[in-house]
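We call the chains A, B, C, D, E and F, going by the order they appear; numbering starts again at 1 in every chain.
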Amino acid sequence: MDQNRELFSQHLIEALPYIRKFYSKTIVIKYGGAAMTNEDLKQQFCRDIVLLDYVGMRPIVVHGGGPQVTSLMKRLGKETEFIDGLRVTDKETIDIAEMVLTGMVGKEIVARINLEGGRAVGLSGKDGRLIRAEKKMHRRPSDPDHELDIGYVGEVKSVEPQILNTLEKDGFIPVISTVGMGDDGCAYNINADTAAGEIARALRAERLVLLTDTPGVMRDRNDPSSLVSSMSAREARSMIAEGSAEGGMIPKLSACLTALGGGVRKAHIIDGRMPHSVLVELFSDTGIGTQVFPEP
Amino acid sequence: MDQNRELFSQHLIEALPYIRKFYSKTIVIKYGGAAMTNEDLKQQFCRDIVLLDYVGMRPIVVHGGGPQVTSLMKRLGKETEFIDGLRVTDKETIDIAEMVLTGMVGKEIVARINLEGGRAVGLSGKDGRLIRAEKKMHRRPSDPDHELDIGYVGEVKSVEPQILNTLEKDGFIPVISTVGMGDDGCAYNINADTAAGEIARALRAERLVLLTDTPGVMRDRNDPSSLVSSMSAREARSMIAEGSAEGGMIPKLSACLTALGGGVRKAHIIDGRMPHSVLVELFSDTGIGTQVFPEP
Amino acid sequence: MDQNRELFSQHLIEALPYIRKFYSKTIVIKYGGAAMTNEDLKQQFCRDIVLLDYVGMRPIVVHGGGPQVTSLMKRLGKETEFIDGLRVTDKETIDIAEMVLTGMVGKEIVARINLEGGRAVGLSGKDGRLIRAEKKMHRRPSDPDHELDIGYVGEVKSVEPQILNTLEKDGFIPVISTVGMGDDGCAYNINADTAAGEIARALRAERLVLLTDTPGVMRDRNDPSSLVSSMSAREARSMIAEGSAEGGMIPKLSACLTALGGGVRKAHIIDGRMPHSVLVELFSDTGIGTQVFPEP
Amino acid sequence: MDQNRELFSQHLIEALPYIRKFYSKTIVIKYGGAAMTNEDLKQQFCRDIVLLDYVGMRPIVVHGGGPQVTSLMKRLGKETEFIDGLRVTDKETIDIAEMVLTGMVGKEIVARINLEGGRAVGLSGKDGRLIRAEKKMHRRPSDPDHELDIGYVGEVKSVEPQILNTLEKDGFIPVISTVGMGDDGCAYNINADTAAGEIARALRAERLVLLTDTPGVMRDRNDPSSLVSSMSAREARSMIAEGSAEGGMIPKLSACLTALGGGVRKAHIIDGRMPHSVLVELFSDTGIGTQVFPEP
Amino acid sequence: MDQNRELFSQHLIEALPYIRKFYSKTIVIKYGGAAMTNEDLKQQFCRDIVLLDYVGMRPIVVHGGGPQVTSLMKRLGKETEFIDGLRVTDKETIDIAEMVLTGMVGKEIVARINLEGGRAVGLSGKDGRLIRAEKKMHRRPSDPDHELDIGYVGEVKSVEPQILNTLEKDGFIPVISTVGMGDDGCAYNINADTAAGEIARALRAERLVLLTDTPGVMRDRNDPSSLVSSMSAREARSMIAEGSAEGGMIPKLSACLTALGGGVRKAHIIDGRMPHSVLVELFSDTGIGTQVFPEP
Amino acid sequence: MDQNRELFSQHLIEALPYIRKFYSKTIVIKYGGAAMTNEDLKQQFCRDIVLLDYVGMRPIVVHGGGPQVTSLMKRLGKETEFIDGLRVTDKETIDIAEMVLTGMVGKEIVARINLEGGRAVGLSGKDGRLIRAEKKMHRRPSDPDHELDIGYVGEVKSVEPQILNTLEKDGFIPVISTVGMGDDGCAYNINADTAAGEIARALRAERLVLLTDTPGVMRDRNDPSSLVSSMSAREARSMIAEGSAEGGMIPKLSACLTALGGGVRKAHIIDGRMPHSVLVELFSDTGIGTQVFPEP
């Protein structure tokens, strides 16, 4: 027991300076993958978000929800077509996607956070004009000279962060579905990692944290010991350019670079499958996963 | 032209004192019926909401969306069962209803208001714990001694209006889908008139305005000249008790009484089919429709 | 009636954006001519000022009162001498002028505004050191090389607007008699159009509105259809230089230029004989009279 | 010189606690008599007012001006009729009185204070609705059963002190001409001592100071040694009731009682013929003149 | 390592709610005994105080220093006389005590906290009139009918906490030597436990923590397993009345009761010999030592 | 008596503008010499400080206390060694000095000010990290090439004035013992004149006032008529360079130059033996002693 006490006070002494450092600071967290499907991980994640809020931090949750969209489409007898891994999104598909993401996936997270004692508010990019989107044309690797119209897939044109400031100031926790609003008022589907990076940038957040289903950035995908625990923005940029990052990591590294370019202090790619990974990453000296820091 | 100028200044002189009176005051507007299906009326309504916001008022839109829910259920091959006009709402139904109301109907209103120059934010009763609901058992008129479980149909347990204050303070226009949150975190369907009355009460709003597809409260449903242009809360209460109000008016009159009982200054039941009915009702001496005022 | 309702809402939709635009903005209004002698116009003018105040604008009234001064001088058996249309103002004359303007004409406007529900405060240029004046020498057109001393006639040396800010902040409506204070503490008579322009400039007011007894600036004084409804500062300057403006318009156009040069957004010369001319000019799309806008 | 230094520091040590005590406190000063006619006393008085303002006090000057009114009436060939010492005030007379008091006498005080470095603002009872008046009927001592209409002579119906608070807050010194505004918008003449008492009461001022042309309240008018240097409100009331105060003192003692009844801490009747009498009264232990203190 | 991570997050999840709960709350800590003599404990204590400050709490340190006083007295060749364990305190003794406590012991704690990154300010009861004292007469147990004068030993007459609020508000950490100020301006020696209780009471602190050289309150002084980990104020009062608390605990339990009586939420008696005892007590579920809670 | 009244008002009129000028301004006063040993002067000084505080100024007292240190050292049987007039300060000596200055001399001033009605707080350079010190090596005039270690004698490395701002803002009067804190946490002795100059500089105080036991700066030490009543910073610098100032004046003139260099408006060297010298110097036109003003 005495040993436990000693560990307890050691852990506290380790964590307290971080708790102080993050006081009233904004932390943007991209939530997805296993942490969003496993029941235990869901509950732990929502509880951790409430704890961050409790000790005075300002967490913002950004989430996707591709599998849930696909599932409803199936029930409606609608085929999902993918080109180069991108969902071809006609008007009916985007309406379903918007409805599922903002009306179901987001609201579930909101309800869970509320049950844990927080006060969450679900938002889409339309709310308060948070995310203005514009159509994104696709260029196939096999035919890079031509643009291909894949429908209501958008890229971020601008982020108007005032609604987030308004909510944070009064202690609400924003939960954002990454659907943008086009100039015509229509919804556009936006990649959730990209959106999280843009939001962190627009807020000059203290941290961007991306949950993945891997331990972090690895030099060799199959070798856990090849985990890169810390890298500079320059290294991240090289990794993308050289193609040495595996596919799924590219939008995540790009999101980190977007955030850092806008004054975010550090970006983290961590393993969402590990319980309480957000707490351990933010409050311990060693952390887990990969942190990307800006060039000095 | 000179005559027009004179009318113009007369109209202004009529409207200006109301504009002043409502400055920074909250107006809760229940939106539904024809005004929510006709394209022209939709656009006029959203533009009027933005005008109210422009001149310093704080409009709050509360909406339903039964037809849209029924429509998606049909597409999913799910039968809708009604008992005494109430939708029997199993878990799957409430999930669909929540998704449709908050993820589709609400977001469309938000987008329209934004395109007209406002900054709207869509909310369900879960967001910021706005509406806590509890299960409502049904008693059939034919068998009033037994309670019948019709599923996820709820009544308002409490309203936590802080999220509305937070949004209003910074100039956002709340657009509320009337889905409540149960103690278990589940969604419950709430009658939109009732919810609007409770929200107006919780905010001690200046006004509650309910849009209908009739000219207002009429003594004889088929005789437009029987429109009651003004009535006291006492008269409204009698009308409900005596059964002299037609069916659809009962929840509306009840909502008015709820609001007045909480300090709302006046409640209005007006014809949403008439263009700009909200403006004419609020800013002219004569008004349209029926106004209900509190007992002195 | 329905047609009237439609006109009503059209007029409102026309006026509301202006009401919003002018919220908490300062409007300096030079009051004089027929609007200050006709009983009906007096009352309408004061009521309109109170309406502007009601909807959140900050009106400031600047007035002259030459005829009233002349009248008292006659009763005191004192001859009024004019040189080139300027009153020769000896010590006794300026004392009478100050007394009449600030002690009678101004107080009548104050009382009328108060009776209509506003809270006006009468000021001269001495109060709160509002207008510092210095002696203005006259050069006769017939002998422009020599300066002629015409007594206590002054030009504006500086405007200290703090007293106006103090009053506006707490909802009082300033009513200003254009008597300036010299370095010796004596009163100096100041042209009221000029003073209004300088005050609008010092406050960076939103608008300067000058009431006249003509429809506005006309290319041909005898042809109402020659009214210039909009002109740039450059055009106004040319008109003065070329002598194409009739005599009475020159100080008014100069006052507009003074105001625009100090950041006032627009200046208006309107017909004070028309009822509610201020309301129609400020709140309608077409306006009346002549507006002068700054060079882009 | 050393003796002088010692006196200097003694005087300071005497005065400093009063300076502290009066910091940001309102002092209402009724100005009149010799102090308003002698050139040296005028200048000293205005300079003292500026000094009070300098050290953080909030002086308010209330003045009369009967002789100046009479003088203009003479020039206009209008006879002044007095009944029992009260001026019979027809419409023409009140117009002249208002014009002289607010447009001439008040503005001269304003200008002098401004030249000494203060920032004064002249007000009548109309400005900001400061003094609402109602007609006062006269009862002749010789025929006390009948009321006699002596015209536009009023008594104070109410004082709306907000304009004074507004001016004081921003460092302006109010200079008040005691003309009240009737419900018809007309001016009414008000006794200046009475008005000063009512204003002090409405503001819950710290002090009311009345300048007279006698050393203070004397038991024997012809015996300076009979000066009463301190008396309670009760004693003042007896003196009035018993008729032991000489005529001119009665409205002054009444004004003191009005003020004390409204929470003013002390009222002073002092000799305005003595240079700097206000400073000596407020800042020395012994004072001069008569102070009236509230019942314990 | 993974096990460590899990412990780490468990410990954090245990501590975070306390950290939140104590945010911006005042914690009064009586510092003394071994923790004030052992070099390691001194440094750990001061570091812990800085950590509390870091995470937004408001620690206040109250200290004694009897041994240091005795030591200087010896060097000055002055005998210390004790009666019933109380130091007989003549004028010379109190001067030495004041000098040692405020000029040496307190300043050392201040310097250590500053070196750890905090900003401490040393205070005696004279500073800002923090502790007003009055002479305390002694009654010998052997002769309880007579009062014995033991010199400048005082009890707390009143605490004026404003200086503490002033310092806390701006982030300074008060370090208080328990010397009170008598009405004659002289210093009086005050028991440090008692003073800590009174200060906690005057501030309505969240917690009072007393460091001792025992594990806490024990039923049997020689049996560590007899430690009482939690007791009510009522139980503490009985223990004192029944004499079942050992001698040194009586002033400590009394201090706890004083604090609880003034609204302090809990009082703790803990073992200052254990490293980081303050952190473990405040931030863990189980705590160490004895906590005293108010009657419900 | 009338003459006295006249003198009284003259003195007030002389002093009031200074009182206004110094309102809410910081005055740093170096206290020492006879004014700190004579009982009457002590009391008058502390009363004057309270008066300054009363009328809204912000006095800060900086004091030395060499004789008291020497006296305790003697009692402890410790020889004091001086080299070139500087006290050789080993660890034991600095401990005694700190204890005497902060624990005895400072606390006596604090208690006296409190008894006069002020609220003083004693500080050393350690408190709130007010004065950071670094070791000062000595160079003997006889051997200027070598540095001599004379122990814990320091010079000011930096002043962190926040604790002073914190105290002043809430109306506390800081009383500062000039002991600095080294990087090792140890105390260092600092010359009190020098410290006062540095503190005035760090605060950009309005005034620095140094009390001495001479009439001020004199060209001939033995001729009182050679007193320099006013000199520029340039002249002060020359006087030091030319050696024309007598020994004791050099650190005082240097302190004045330090203060003026940091934006202090004027520095005064005055005779602390004269009663109320601070009041006379600050509030009269002529002053006493020597004032040093910055180069234009």
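The rule is short, and it goes like this: contacts are C-beta pairs under 8 Å (C-beta built on N, C-alpha and C of every residue); 3 or more make two chains touch, one makes a residue touch a chain.
Predicted, not measured: the structure shown is a model, and the values here were computed from it.
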- Task: Could you tell me which chains are in contact with subunit A and with subunit E alike?
- Result: none
- Note on the structure: Neighbours of subunit F that also touch subunit B are none
- Rounded to the nearest whole Å, what is the centre-to-centre distance of subunit C and subunit F, using the mean of the C-alpha atoms as each centre? 61
- Item | CA centroid of subunit D to CA centroid of subunit F, Å | 48
- Task: Just give me the whole-number Å value for how far the CA centre of subunit E lies from that of subunit F.
- Result: 36
- For subunit B, residues that touch 2 or more chains besides their own: none
- If each chain is a node and each touching pair an edge, is that a line, ring, star, complete or other? ring
- Following the ring of touching chains from subunit D through subunit F, in what sequence do all chains appear? D, F, E, A, B, C
- Item | subunit B-facing residues of subunit C, complex | 5-9, 11-17, 19-20, 23, 47, 51, 54-56, 274-276, 279-280, 283-284, 288
- Item | Touching residues (chain side subunit B, partner subunit A) in the complex | 75-76, 95, 98-104, 107, 110-112, 114-115, 119-124, 126-129, 162-163, 166-167, 169-170, 172, 181, 185-187
